[in-house]
C-alpha cells in the first residue's frame, strides 16, 4: 500500500477542516499571526507507531515543518517522543488534535496487530500470517489497512472488487459450492483469486476440488480447523490452496488457531476494536 | 445534532464506494440482476443501538427498503434483530459490510457512553453529565458525536470554532489566565462560551474570577477535583461557572469523579477506544 | 475566525474556475506564455479593506506573487493602492476579475460594518457591539463573517449548530419560553449558549428567569428596547444575561438603539446589502 | 440559462450544509421528529421575484413540498406571499434561512435589473438592452446571472471562455487594436465573438475596421458615447458592430446613456451592489 | 463489475455538467418548459451495444424516462433503435450529446472486443480469453472496463492495487525475477496474484519456478510464444501458471497468437483505439 | 484554451488515483522508498505531440521533475524521446501508465487533427479551417479540445452555453427557421453567435436572411455544399455568414469538401475515433 501524496492530502485536508470549521477561535484570539512555536508528540504508552508519515503531511498542509523521530512501524516505549514540529504557533495548535487523533487511531491498530502477529509467529514458528478483514471504520479503509501493514499484518481484500470471496449469503442464491466456484471463474478476470468460506471439513474439500484458490474455515473451533487441514492433506489438496481461519479469533485463543496448520488467521477486532494509543503534544514558543 | 439527509447521503455514498470500488465481483458473478433478497441484522451482544437511521439511508441509496426493528438509542440484548431489509440481492450483499461497519462502530460508542452515563448518574444522583471530547476518528466526527448523544452523553465542542477552550499550550503563548480570558472575551462573539483548562484549585479560582464560563479541571485526582470545587464554593464562584473534570477518567474511577461535585466529566475513550459491537447480517432469497 | 490555508484554497480554486471555464481565450490569444506583468489594485473610494489575505492566496494559486500594501481591516482613502502583484501576464489577467470581485465584496461588508461600529461606539461610549446575522450570501458565509470581523463587528452564530436561538417559529411548536429553554438546556451541550427571541419586556423577563444566556429583543422600537432593559434591571436579571436588539435597525436609527442599554445590536444589511467597493487593477508589462 | 436540476442540487446542498453544520441544535432540541409544519414566505417590499425555482428544490432536498405562489421574474407588491411549504417542522426550520438568503439575494438582483431595464426601455423606446458584467459574488455566477435574466437583463459573458473581450490591460501586452483583433480572430474558434474596449471615438473606428463584432465604449460621458456612435455611422461601420457603453453607469445617468444610440448598456452594480429584498417566513404547526 | 447506482450517478452528473455549463442556451431560447418530447437512439452501424444501462440513468437524472430496446452486450445491425426516451423536450435535448457520446464510446469498445473475442475463440476452440489492459482514457476506467466485459473480454487488473505485475521497469530496481517474486510474495496480501512479464522462454521458466501465478510473454512473435509454452510444459510448469501473451497483438495477427497454447491474449487497442460507433438521436414533440 | 494549473491539477489527481487505488502494490513491494530513477517517454510512431504540459504537472504531483523534450503541438518521428523525468522510483512507476494514457490519447487526437488540417489547407489554399465537434469522451472535453487546438484545429463550441446552434431536433419544437432565429436572438446574450443547421441550399438562404451568424450545411454531398455556397453568393448573403460543412466528412472525402467554398469543415471522428499514439516509458535507476 502507500497511495500518492496528493491522494492522501485530500483526506487529510478534509480531516483538518472537520475539526477547524470556520476557524480555531481560541488560538486566533490568543496568539498572534507571527508567533512561532515548536511542538513534540509524546507516546504515553508502549506501542507500535503508525501515522507519522501522514502527520508530516498534515503539518506541511498547515505550513509547519515536521520531523519524524520514530519511523512508522517501529515499537516505542512509554514516554518516547515520536515527532517534532515547528512553525506558526496558530497552525500547530490548529492541527494538534487532528494529528493526535490520526496517530492514536493508526498506532492503536498497528499495536494490536503487532501483538497478535507476535503471538501467531511464536505459536506457528513464523508460518502463520495474521490478516485483518473489511471490518474498518467507514471512510478510513486506507488508513486502517495501512496501519495493519505497519503492524506486520496482511491487508486481505481492500475492496469488494479485489478478489472473490463466496460466503454463506452468496450460496443462498447461487447454488452449490462447485457451481458457484465455476460461475465465478467464468465471470471474473484471470487476475483474481477465488476464496470460499466453508463451515466444515467436507465443504473445505468440496471447495478445494472445485478449484478455489483459498479456503476460509469460518467459525470453527481450533480442533475443527485442524481436522479440516488434515482432511485436505489426506485428499492431497492441501498444496493447491491457501487455508485461512476466521471467526471468533482473539488474543486469548489465537495461539491455538495458529497451531492448526492453516496459513492465515484473520481477525476483525484489530481494526474495529483497537484501543487508541494515548499520545499528547506539548507546544512551546520558539526561542529565537 | 442531526444533519440533513442530503448531507448524510454524501458521506454514506462515499462509504459505499470505498468498499465496492469498481464492483462487487463476487456478487455480480454469482447472483442475477433480478434476484430479490431479504436480510436481517442481528446484534450479537448486549448493546445500545446507534446507526439504524443511517443504515436505512444506506439501504435506500442502493435501492433497498429497510425497516427499523429497534430505535437508535435503545438498549438491546444479545440476539435481537435490529433491522430488516428487502431488495435486489446484489444490492443487499453489496451494502452489507458498510452497513455493519457503521452500525457496529456507532453502537460501540453509544454502548460505551451509556455504560458510563449510568455509572455517573448512580454516583451523582443524576447531577453529573458524561461528555465526550474531540478525540474522534478523522472523518467521523458527526457519526461519533451522534452516537455519544444517542448513548446519553454530552457532545462537548463539535469543532474548534464552537467555543473557546484555553489550554496549557495556549497559555504558553498568551500570558496569564486573566489576560487570556480577557483577550478571548474581546475577540470572540458574544454567542460563544469561554472555558479554561486549569491544573489546580488556585488556577480554578483565577479562571472563575477572570470570567470564564466553564472551568476544566485537568488531570487531577478525585481529591484534587473535590478540593477545587470546594474552594470555588468558598469564594462564592461556584454558581458562576460550570465545572468539568477531565484527564485519565475511565470506567473504574468514574464514580469517584462523579461524586466530587463537578457538573461534567469528560472521557476521550468513549469515542476513540470503544469496541465495535458484534453484529451480523443474514440474507436469504425472498420467497415470492 | 481564520480557517487553514488549505481550506481557503478549495474555495478560491473554485472561484477561479467559475470565471475561467475552459480558458481565458482573450488572454491566451493575445499574450505569450513567457510574458511577465506587474499589477496594482487601486481602491477607488474610501473603504475599510478586506480580502487582501485571500487575494494573496489567489495570486499564488495561479503562480503569481502578491504583496499586501494595506493590511486587512485598515481604512483607506480613494486612490490608495492596496496590493501589487507580479507574475506571468496570462495569470494576472486570468485572476484579475475573481480577485477584484472578492476584494470588492469583502471590503464592502467591512466598510459597512466599520461605519455602523463607529456610530454605535460613539452613541454608547464603546459599550455596544455591532453584530451581523446569518443573512449571508449562500456559499460565502466564511468570507462575509470574516469581513464583518475585519470591520470590527461581532460574527454572531456561524451556523445553526453554534448556539441555541429560540425564535417565534420554534415557539409555535415547542410551547412556552420556560419550557423551551428547559428542553434546550437538557438537550444541548453545556458548551452552548441559549438565546431567546422575545417580542416585549415581559417575555424578556420570562426568558431571563428561565435561564437564557442571551435575550434577543426583536423588532422593538428603541423605547421598547430601553423599557425592556429597565425591567430586567428592576428584576435584578440584567447581569445574568446578554441583551441583543435586532430587527429593522439601520444606519439612521442605530444610535438610538445603541443608547438603550443593550449589549449587542445586530444588523442583517451589513452582510446582505452592502455595496461593493469600487476597485480596479492595472496590469503592465514588467520591464526587465 | 437554466442548468440541470442535478447541477443546481450540488450547489443547493452545499448551501444548506454551510448553515446547518452538524445539526440545527435549536430545532432538534425543541421539535419532535414527527411534527409537521406549514410555512409561507412573504415579500416585505415591492420586488421582482427570483429564486423561487431554486427554493422549491431546496425544500425538496430536505424532504418538504413547496408550492410557488408567484413565478420567477414576476413583480410583486409588499406583503405578497411568494411561496408556501409543507413538511416536517424540523426540515422547514432548518432550511428557512438558506432559502430566504437565496431568495432575497436573487430577488435583489432581479429587482435592480428590472428597474434599470424599465428606465432604459423608456429612454430608448425599447432599443437598448441592459446587461450585467462579470462583477458577481464569487461562487454565485450562475445564480446572479440567472437573476439578471429574470429581471429582463442580458447576461453578457458567462465566463472568460465565452467570447473575446480585449481591454486596456490586454493591449498593454498585445500591441495595437488592429493587431490584437487579428491575433484573436486567428486564435479563437469561429463560434466566438470578438469585443474591443475603447476609450474614444477614434479607437471605436479602429476596432470596427479591424473587424470587431462588438465595441465597448468604456468610461465615456453620454456625449462622448453619442459622438462615437455618430462617427461609426459616418464611417458606415455602425451596422457591422454591436455598440455597448459601460463604466460609471448608474440609475441616475442611465437614461442619458440609453439615448445615445448604443445597443447595450452594461452595469456592474446590478449584480455586485444590489440590496437584498426583505423577506420573512412564518412557520406554523400543520393542523391535521 | 457493476458499481452502485449512486457511484455511477456522480460521474454521469459531471458528464452532463461538462456539456451544459450554465445552461443549454439554444434549447432554453426555443423550447418551452412544458413541452414534452419523445426520442429514439438509432445505431447507424453494426455494433455490440454498451452504455444503455448508464443512458437510462442519465435520462433519469434529467427527469426523463428511458426504455432499453436492446440489452447491453447484444449485437445489433445498422438502423436498429437501441433505446427510447420520454420527458421534457428541454431535458432530452440537453442530455442528447452526453448520452450519445457515452453510448458511442462504450459501444465502440464493446464492438472491438467482441470482434477479437470471436477471432480468438475460433482460432483456439474457445480456450483463449481476450483481455484488455490499463490503457484506458483517464477518468473512464470503469466505463471502458465495463464495455470490455460486455464485449466478452477479460477486464485484467482494474488498478495498481489489484494484483502484482512485475515488469522490466521494476526489475531494473529490484534484482532478479526470483528475488522479485519472493519479495512480492512476502509483501503483498495472500489474496493477490503475482504476474511476471518475461521476454523469452527461459525467463518464463524462471518466473514459473519462482512461484509466479501468471506469466506474461511480452512482445514475442507467435513462434516464440509457442516455444515458451512448450518449454513450460516440458518443465512440468505449465499447469501451475496462467500464461498471457501481450504486445503488438492486433486483429490481423490475433489468430496466430490464439493458437500458441496461451490462456490469455491481451490487447491495449480495444480500449485506447476503438472507433466510436455512429449513433444518432431523433427527438420529436410528443403527441398527447 | 488553457485552464489554470490548479484546475488541471484536480483532474490530473483524480486520474492518478483512478489507477493507483490504495497503492501500487508491485512497486511498493519491490522498490525502496529512497531509490531514485530516471525515465524517458519515447514516441513509437510518427505523431503530433500533445499532453506534455499536462505530463509535467502529473510528474510534479507525484514529486518528480519532468522535462519537456518536445513542445506540445510539434510533429515527431518514430523513436523520438518527448520527455524525461527524474525522481523517486516509486513515483515514476506509479504515474507511468496514467501519463502514457493521457499522452497517447491527446497525441492521437492532435495527430488526427493535424492530418486533416494539412489536407484541408492544401485543398483550399489555407482558406478552410478544420473544426472538431462536441463528440468528445465524457469527462475529457478540456483535454480533447486542447489536443484539437494543438493539432491546428478549431475548437468549435466548448459547451451548450457557448453559442446557439439550432438543429433539426430543435426545429421540431420551435417552428420555422426564421421564427427560431428571431426567438434565439431575443433570448440570448448579444455576446453569443447564432448558428443554424440546414439540410439544403434553400434553407441556407432562409437562415442567412433570418440573421444567423453561421450556417451549418449538414449531411450534404460536396456538390450540394458547393451549390449552397453559390446560392448564398448569388443572394449576396455569403459575406454575412460563416459557412460550415459537417456530417460524414472523413479523411477520404475531406479535400472535396474543402474545395466547396465553405469556411469550416467539422469532423467528429478527430475526437471520438482517433487511434492512441503508441508510446512507452523506460525507467532506470539513477546513477548518482
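Each chain gets a letter, A, B, C, D, E and F, in the order it is written, and its residues are counted from 1.
Operating definition for what follows: a contact is a pair of C-beta atoms (placed from the backbone, for glycine too) under 8 Å apart; a residue touches a chain by one contact, two chains touch by 3 or more.
The shown structure was predicted, so the numbers you read here are calculated from the model rather than taken from an experiment.
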{"item": "Greatest separation from subunit C - chain, by CA centre", "value": "E"}
{"item": "Pair exhibiting more inter-chain C-beta contacts, D-E or D-F", "value": "D-F"}
{"item": "Same-residue or different-residue interface between subunit C and subunit D, half as cut-off", "value": "same"}
{"item": "Whole-Å gap between the CA centroids of subunit A and subunit F", "value": "45"}
{"item": "Gap in Å, rounded to a whole number, between the CA centres of subunit F and subunit E", "value": "23"}
{"item": "Shared-contact residues (touching 2 or more other chains) in subunit A", "value": "1, 20-25, 28, 94, 141, 158-159, 161-163, 192"}
{"item": "Pairs of chains satisfying the touch condition", "value": "A-B, A-C, A-E, A-F, B-C, B-D, B-E, C-D, C-F, D-E, D-F, E-F"}
{"item": "In the complex with subunit A, residue positions of subunit E that touch it", "value": "1, 129, 131, 154-158, 161-163, 189-193, 195, 214, 242, 244, 263-264"}
{"item": "Residues of subunit D touching subunit B in the complex", "value": "13, 16-17, 20-25, 28, 61-63, 90-91, 94-95"}
{"item": "Subunit D contact footprint on subunit B (complex, rising order)", "value": "1-7, 10, 141-142, 145, 158-159"}
{"item": "Subunit B residues within the subunit A interface of the complex", "value": "11, 14-15, 18-31, 35, 37, 89, 93-94, 96-98, 100-102, 104-105, 108, 134-141, 143, 158-170, 172-174, 180, 183-184, 186-188, 192, 268-269, 272-273, 275-276, 281-285"}
